[in-house]
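Have a look at the structure below, then the notes.
Chain lettering (A, B and C) follows the sequence in which the chains are written, and residue indices restart at 1 in each chain.
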């Protein structure tokens, strides 16, 4: 945790652009602080994108694209931390696609969800490896 | 919003068939009415499909396929509107794969979820562009 | 139901390895019992994987990989059944990637969610076909 999954229509951008966006969003999560403490452990950050080759946006016009981001985090963060995180991630996304937004149809969106407390399992060597 | 994501096994259908299905499902969402008002704004409709090249359905028999549809909408629609929408979308899906259902193993399913009220962000020029 | 979706970074494994994992996880779901009764109907099992070609894990180091599994089941199973299922599935995942876990950065995770009671639709000929 945190997990950030992007779904996007293939007409939005090439894979290299999305790869850069994944890196920017991971950096953004890494930078989040509350009371000078980091909100998300670096070793828990996982950003990934799913390219959708089949889609229909709005009335199906060829220039209409979308990207939807879903952030899942462990339960228990403050509402302020969640709002700050969402604002920061969404700003990165809007900046990344500012030129596209001027030129063609584009729907950007972000949601934040919490993992249920009862049902999660983890096995992660990144926390230890990052300390080395 | 609304967001409709399809996941399907690659043995179910070619990409062109799924593209047509996305278009049919977007039209179906566009057509939904309650008290003569449209339920979903046209500029908010985003249908997309994720093709799964790796899968195992039931006992792993080669002819067993699946498609699962997940509709996410903003909270606050009536139960009747949700039921009507689900019935209409699922009818489109069943019709689209009626021939396949007769010929081989096939599991079709649909769920409806609501976005949490607290955590969504949006930036969408399609509402304005559709008015032009 | 049950639905198990895997998301994984493309640097983790080849498609053939993931296909074997899907089969192992389907067998694992098939084998789950509570009070000598099967927990999941065989005809409802759908395991699939989504390969993410764009991703950023932790600090973006090239050897950091992830796999996240999301199990969705109908509401109403006992907490014990859910825990047993999660433990069993996660053991299969850990075993499958034991060699990778020793060699490079790897974050494995699993969550269990329930479908909402109100909004699901199904059309499935596999239950009948498996009886033949």
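Basically, contacts are C-beta pairs under 8 Å (C-beta built on N, C-alpha and C of every residue); 3 or more make two chains touch, one makes a residue touch a chain.
Note that the structure is predicted; figures quoted are calculated from it, not measured.
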Query - Degree value of the rotation bringing chain B onto chain C, based on Cα positions, nearest 5 - result: 120
**Report entry** Interface composition of copies chain A and chain C: same or different, split at half
**Finding:** different
Query - Rounded Å distance, chain A centre to chain C centre (Cα mean) - result: 22
Query raised in the report: Touching two or more other chains, which residues of chain B qualify?
Result: 50
**Report entry** Residue ranges of chain A touching chain C (in the complex, touch as defined)
**Finding:** 1, 3, 5, 15, 18-19, 22-23, 25-26, 30, 42-51, 115-116, 118-126, 129-130
Query raised in the report: Considering the complex alone, what residue numbers of chain C touch chain A?
Result: 7, 9, 50, 52-60, 64, 66, 68, 71, 79, 82, 86-87, 90, 93-94, 101, 105-113
